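Note that chain A is present in both complexes that follow, paired respectively with chain B and with chain C.
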Partner chain A sequence: MHIVTFAAAGGIHGIPILAVEEFTRPVPVTPVPLADRRVAGLMNLRGKSGTVIDLRKCFVKPHGEPSPNGKMILLETTDRLTEEARQLSVQVFREPVVLLVDRICDIFPIRFQDVQPRPAHVPERFVTGVLKHGKDYVSLIDLMILIDDILNPRGTS
Partner chain B sequence: MSSAIVPASNKTITLAGNGETPATDSKFSIFSPVVTVEHREFYERIVSELNGVFPICTQGKCTAVEVSEDATEQEQITDLMKRVESFSGELLEVTKQLFDQFYQAKEHFCKMIHGTTAYVKINLMDRNLLERTCDVRWWALETAFSDVIEFRERVSERLRAILDGPHNKPDGDVLREVIEEKERWEVNAAANERLQKSLAMFDDTETLIADVRAVLKKASFACDRLEDINSSYTLYRDLVIACRDGMIIANSNKTTRPRVLGLNVAGENWFQKALTTKDGTQYHAQDLTESSIETERSLIYSAGIREQSDNYGKVIGAMGVFFDFQGEAMMILEDHMSRDADNFVEDGWYSFITNSEGVVIASSDPGVIEPGKSAHLPRKQRTPPAGLRPMTYSVIEGQESAVFSARTDGYLDYPGLGWASHLVVPKDQIFRTAASNTQLGISIDELMQSRLVPDINKQTFTKVQDDKESIQLISLNGIVFASKLGKRGVALGPIFDQIKQTGEFTTSKMEYLLTEMAVGELQLNLQALENFSKQAIDLIDRNLFERAADVRWWSTDQYFWTALKDPTPENFQKAAHRMEVINGSYTMYRNLVLANRNGEVVASARSEDRHKLKAVSVYDDQWFLMAMRTNKSSEYAVQDVMTSKLEPRKERSLIYSGGVRVGGARAGDPIGVVGILFDWDTEGKKILATCLPKDRDGRLIGGCAAFYTNSHHEVIETTDPEHFPVGKLLSLPMAHNQLKAGQSTSGLLVINGQRYIMGSSRTKGYREYAGLGWLAHVLRPV
Partner chain C sequence: MEESSVIQEFILETTHVLQTVEQDLLSLERASDVGTLSRVFRSLHSIKGSSSFLELAAIEKLSHHAETLLDLLRKDKRKLTPPMNDALLKCVDQLREMLQQPDFGQTINLDATLASLESFIKGEPPAPPPPKPAPVLDAPVTGSTVHTRIQSILPSIPASILPETIPPIPSPPPTPPLVAASPPPSINVSVSVPVKSGEASANSSPRIEVMVNPPVNMTASLPPKSVTSAAKPAPEPEPAEEDKMMRVRVKFLDDLLQLTGNMVMARNQLLAKYNFADDPAFITLSQCVTEVHKTIVQTRMNPIGSLFDRCERLVRDLSRQLAKEVKLEITGRELELDRSVLESFADPLMHLLRNGMDHGLEATADRQAVGKPRTGLLKLGAREQSGEVILSLADDGRGIDLDAVKDKAVAKGLIPASRAAMLNRRGIMDLLFMPGFSTRDDVTSLSGRGVGLDVVRTNIEQLGGIVEVDSNLGQGTTFTARIPLTQALVSSSLISAIIVKSGEQRYAIPQTAVDEIIRVNPEGDRDRIHRISGQSVYQLRDQVLPVVSLTEVLGLPVQEEGDGARILIVMQFRGQLFGLQVEGILGVEEIVVRPLPELVRHCKIFTGHTVMGDGRVALILDGNGIISHRKLVFADEFHNRHNGHAAERSDGPQRLVVFSFADDEFFAIPLEMVSYIEKISTAAIKKVGAREFIQVNQRTMPILRIDKVMSVSAMTPHKEAYLIIPARVNYPIAVLAGRSVSVVDVAEHYESRLSDGRGMLGTFMHQDRLVMLLDLYHLFERHSPDQFRSSPLETRPAHILVAEDSPFFQNLIRSYLENPPRRLTIVANGRLALELLQASPEEFDILVSDIEMPEMDGFELVKKVRLDARLRTLPVIAVTSLATTEHIERGLREGFDSYLIKIDKEQLVKTIERNIERGMQHRAVTKALANRAEG
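Coming up: the complex of A and B.
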């Protein structure tokens, strides 16, 4: 499976490339009143709209400063996943979601045997495993856990 | 009524963007010979990489048709390819702009640095020449000179009366012969003797004979005074006194004296002009010319000698001072030249001065740029208009060179002689790539963000990074797209990889070029600050040299030794009056004081402070003690900038002093001291203000500072009293602290939490003035 890695909150993170629809420069975001603090707002790009999640705010202790020219990752929706993605059990949200990150790093294939479980000191539940790539430690993010927690708070869904 | 329609196309596109160089003829060409081999290779690689993107995109478009039958999918791929093409096209344009900016910025900066150097050289000369005009006017009023001339005239009249009178002595003819022969009795001891003998034949000539002898004595005394002047002010080759008929009756140069005394200069311009001066404030500056006094071409300042040495008296003769122009010019020309490890001026560097006709009058290398010949420069640069600093490229000694010129704009009330200074620098040195292995002490990012890098470069930097990002995003999206096509997309993968690589390669090369630009800019800035600090220390050294000369000369003044030798209230009054006159003529002094051997102030220039100073004892003051220890009139003492009880209201005083000796003797123990209080704050500030860096439009750059520190690293004068107040102790980097006399350095440092680049220079003194170990610093915030 190929993953795309990106920098956010001072670390390098990865998600399956098949979960991604497009990378863009940041577009204007309309704040949503009373939304979760991790939600930056709603965006609209060439007719596509989506909820923007500021990934930095999803971490308990983010490091460093947010980049002044971050990037957006538009995620696929469940209905648009390719057959290959379904076979590989790539999971995405049913509605358009956008991740706000600092920088897109790389795209490369991974082997499941290289992935190690989440270390005990990482409190974020959405990090499901880590792997070493070059000199970086990449934490793999489970998008469903991440998004569900924000957009589907327990008890309302 | 019709109005002119401005064509829309008259807007020229300036690639350089600094708004002052016309874009039409300065458009960048990679084939320009100034472009270094590295850069040409660099440029070619970037262009070929970028050009390589276009076929890849075409291939991508074809592959799209191969891998998908879906029109939307095809369109998406084609769209991505088109975007890549457009960004590549933009990058090609940016690359050209980048090189254009690179070379223009370098040229501009070098123009500024070398143009300033050319100007500094002519300005140093002008400042020096201005001081000379004060000198000659002041000395011409010395009583010894009017005395000898007037006395000689009276004696001559009496001699003529004897000749013309009724006499039948056979010796009358002998007398006439002696008076009219070439060996002048006024200056020649043997001729004087003969005259005395023949006068003895006449009746009642005892007093006349004594007076004839006295003329010789007075002439010899005038010579002594001229020698005294020249041993105080060492800038002259000769000083002469001419009578109204043009006969030289005294000179300062012992070596040439036998030849010079008795010469007649009635036909020389400097002499004639001096005779027409209206009062003691007027002088004549004679541009380099032949004179019978010297074998070399001479630069002569002249002023009239007046009856009774009175400012408004009738002109009775002339004083001519022969400035050591060639020596001074050599000193100035050899300065500010790039030198190799053995301290030789580097090949291809020349510096020379031309007169108002464009003829070379002094040259750092007379073998190549020959004095006396018209300079091989375009006319407009040979005699550049005032205020302009033209630069041209020219071939000098077979080497492509840049010639920077600056014409004198005079200094203060001195208009200058229309001279121009020219600096020749090999062209390849201007566009030489900045050494990248030097320790900068600043990160590239910080440097790029700093105020040192012009906005235009920052904009390009942002643009390059932006394009890099765009290409990266496009290729990433392409890869995402291809991966979704599954097996069909495999063919597209390498294409996007290639695009990504090309994008990264070209943009990283461009970033490298931009950082090279920034580093170059930093280095040139450092060099400019170094030059400014050198200018600041040179100017103060030359100024203080004049002060050391003044005090030595004034210490021999007869009013002063008379008052100390014969301390009557009347003599003190005369001494005080004399000081007042001196102080009135020289604006750079705050006060002059005369102290007796007990350290009591017995006379001073400022009448309003006189009674207060009478109560002051200076016996423990350095300036007094050191001057009392001198034993020659050619020695002086100086007390470094510090508080003084002579000026309790001033924070700091700088006092020069000299020993007073009976009869103005050249050697012996002093009987008192003359102290002169230099107007340090004003003069120091004035000089520092001229050494602050300016931007491309000639405006002062905000936040810059210039100041002097003494040998204890204490600020002694400043342009920025808020951040670098007088009295502040500075801890400077070693490289700056350990500078030896005459050395300069530059670097980065942090003071008060602010990062600066700084240039520093240590005094090397000037001529026999050794300097006080001071440093000049010029800072610019980063």
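Coming up: the complex of A and C.
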């Protein structure tokens, strides 16, 4: 399976490339007052509206400042997943969701046996494992857990 | 692949067919009809054929059995009995279930159903026959049956108020068959007294009587032809060519709607970006886009009848299960709603029906013990009224025992006893909807209401609506759910919205929620916003409105005092007005409504979002959400002007009080001219010379008998009568009315050519009755000329001056304001208006002005008006299509009291009504000043 990695909150993270519909430059985002602080707002991309999750605000202890002109990763929606993605149990949300990150890094194949479980000191539930790629440690993000945490916030947010 | 699509088609087709079969079976139980029976037979036959072709053995077997039984019925070798129908309906249910299963029901146990069908085929009833052995259908093929249960309702309706067209009802025949001349028409039972607004509305919606649980009914045979017309929309064996339908997968329609929504938004973006507005090709394209969108929205509309059909089945089944005889009366079937909205009604409605059947209606024996008709009555209705969909379900059961409800809520610890003691009727009823009020196991401990009603409320509230309950102990209970149409906002529908700004962001407010727009002055004395115990308020004429600032609502930091929010948007939510303070208005736009994405759906102050011309997202504000978010407090709970009668908003000029004097002559007065209605005993009327007086609420009032001031028949003597006490007069005269008083909504215009200038403004037809619209002020003047000449201010209708140059809008405004009667003077430009005003400043109560006019425009007019000391307090309303911020701001700065940005009838009428009182004060003051100057 191929993953795409990106930088956010001072770390490198990865998600399955099959979960991604496209990468874009940032487009204007309309903030939603009273929404979860991890939600940057709503955006419109060619007639489709998406909820923008600012990944840089999703970590308990972020490192570094968020880049002023980040990148957007538009995720697939469940009904548009390819057959291949389904077979690999890639999971995404029913509605369009966009991740706001600092920059896109790389795309490369991974083998499951290379993935280590989440280290004990990492508190984020949505990080399901880590793997070494070159000199970087890449934390793998489970999108469903990330989104579920925002839908049903518990404890600290 | 190909085979699976064939099977898919079979499932779709069969599901549809089964729906029809179910309806047909239910209707056959009420009245036999050969055509319907044959259709059911054919349907099952074709299901059998298709399933055999597709080798779906279980479905084939079941449908084969049903077909065999139906064949016997068709050939009149068996008679359809309720138990037999149970079996057939069960068979429909099972076929449905099988269609849903991956193996098409190969594993479902059909033995019981097959056995019961088998026994009916062999002609041996499996269970003991129903109490009355006589079968329901006496002569299934040649004659059919119609129930004359209508009889039981009849005596309670005074013959005088029944529409004349109703023929005599045939008396119950001693022995069938009796051939009646014509089918019994449906009877609008709710025509009678007392005033209950809306109940007897003018909707000429056909009523459909549905009989359930027929075994004990008396029956009368009728020729088959008339039965079809009496029973239901006639089951057409062969649909007419132009009515041919095609089934489309809902998903396609959803997608199509979404796509056209995108097209509309893209079109708006193009308009914003390039100046295409003059290009004919673009205009054509633009219109097409709008039309396509409209058509697709229409495609998704379904009559609510499709939902009510399901209710019939539920009521029938429950009626048999609970052994209660129930009659379900349905009105408003033809009301059309988007299918997604309809779907969301289904659950709460079924819940309420079940509740009503189970707990609302008493057992048959109990009903008889208290002298009620054996058969319980459930009335299910839908209607649309002033922008709301109103669903109501009424039963004539045991009603709600308020004390028991109170005690129980206290016992359950839901509220402290001290608070319970203070609750009014409405507050107590509200307890029923509290979560945890009632659960299945303890329903018998009180009147039995409240089973999961909190769930019903939650469901309705999710649609932005409210649900209310009203009940009379021993007489029944009515549940009413109101859902604002703007709230039932269907995804991708197109609405007109006011765009406001807060900081960098824009927000949209649906125009239907906006009452008026006012400029406020944070510092000055006049038009100030005050703070009372932590809440901002604004004095709008005679009302104190709670006010919130948009910045506050959005949870953004608010600067101390005067945060630049100088525009107050008066929003209306269910009769409650509140003000939303905003920094500025950017204009009015047609926007495409999109639902709020799930990740932000908990932000209740928004109802959806849209994409603006520049491609950015804007959020749509929700009045309801703002109220509950800010916990706004309203001065009074609900204006309850009708003296204990059901309070209904008195909106729209077409709402009339219709009453009789002589029993067969009907008159009408606009509801807004009525303060309250009182039932009196005619013995209480005191005579002093030629005059009559009555004591009502410690006040002695003269009585006006219409026959004394107009040439109409004298009142038929009765022991009781009604008094209509007019509003907005300082010398009230009570109008005596006969036995029938009702509030109706009249859609048609009255025929004003028949006006006689002596008290009658015109006539109109309502429910086949000729109704005369009265000029109350004129009649009062005739009744007591002295009183009324000396104080003409309060008694004559308001005089409205309209400055408008376009003949089209002149006519439009005239048509908006002519009913109920108002005095109108229309001039074509500002200069003429100013001349009139300056010539007789005390003549007019209100000025309505366009902005763009020749010779003198609206801005200049209002400026000049305000410069004249005599006209400084005259209410002036701008009505224009110039809707940019600059225009609105300038208008309010120059002195307009309100700025209406579109010719919207309701808004215009409301704004004028609200200004009239001030206008009358203005006129009184001006006149007094003028007199002083002269003297």
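Going forward, the second predicted complex is superposed on the first by the 151 of 157 C-alpha atoms of A that agree within 3 Å, B and C clash if a C-alpha of one lies under 4 Å from a C-alpha of the other, contacts with A are read in each partner's own complex, and residues count from 1 in each chain.
Methods note: a residue touches a chain if its C-beta (ideal position, glycine included) is under 8 Å from a C-beta of that chain, and two chains touch if they have at least 3 such contacts.
Since we're looking at a predicted model, the values are computed, not measured.
**Student:** Looking only at contacts as defined up top, I'd like to know whether chain B or chain C touches more of chain A.
**Tutor:** C
**Student:** Looking at A:Arg94, would you say it contacts chain B, chain C, both, or neither? Reply first, second, both or neither.
**Tutor:** In the superposed model, A:Arg94 contacts chain C only, not chain B.
**Student:** With both complexes overlaid on chain A, does A:Ile104 touch chain B (first), chain C (second), both or neither?
**Tutor:** first
**Student:** In the superposed arrangement, which partner chain does A:Leu34 touch: chain B (first), chain C (second), both, or neither?
**Tutor:** Touch status of A:Leu34: second partner only.
**Student:** Of the partners chain B and chain C, which touch A:Leu151 in the superposed model: first, second, both, neither?
**Tutor:** second
**Student:** Answer with first, second, both or neither: which of chain B and chain C does A:Val4 touch in the superposed model?
**Tutor:** first
**Student:** Look at A:Arg25 in the shared chain and tell me whether it touches chain B only, chain C only, both, or neither; answer first, second, both or neither.
**Tutor:** Once the two structures are laid over each other on A, A:Arg25 reaches chain B alone.
**Student:** Between chain B (first) and chain C (second), which does A:Asn44 come into contact with in this model arrangement: first, second, both, or neither?
**Tutor:** In the superposition, A:Asn44 contacts chain C only.
**Student:** Which of the residues in chain A come into contact with chain B in the complex?
**Tutor:** It is residues 2, 4, 17-18, 20-25, 69, 71, 82-84, 104, 107 of chain A that touch chain B.
**Student:** In their shared complex, at which residues does chain B touch chain A?
**Tutor:** Counting only chain B, the residues touching chain A are 469, 472-473, 476-477, 479-480, 483-484, 486.
**Student:** Could you pull out which chain C residues touch chain A in their complex?
**Tutor:** 262, 265-266, 505, 554-556, 594, 597-600, 602-603, 605-606, 609, 611, 615-619
**Student:** Quick check: in the complex, which residue numbers of chain A touch chain C?
**Tutor:** 27-36, 39, 41-44, 47, 49-51, 53, 93-97, 147, 150-151
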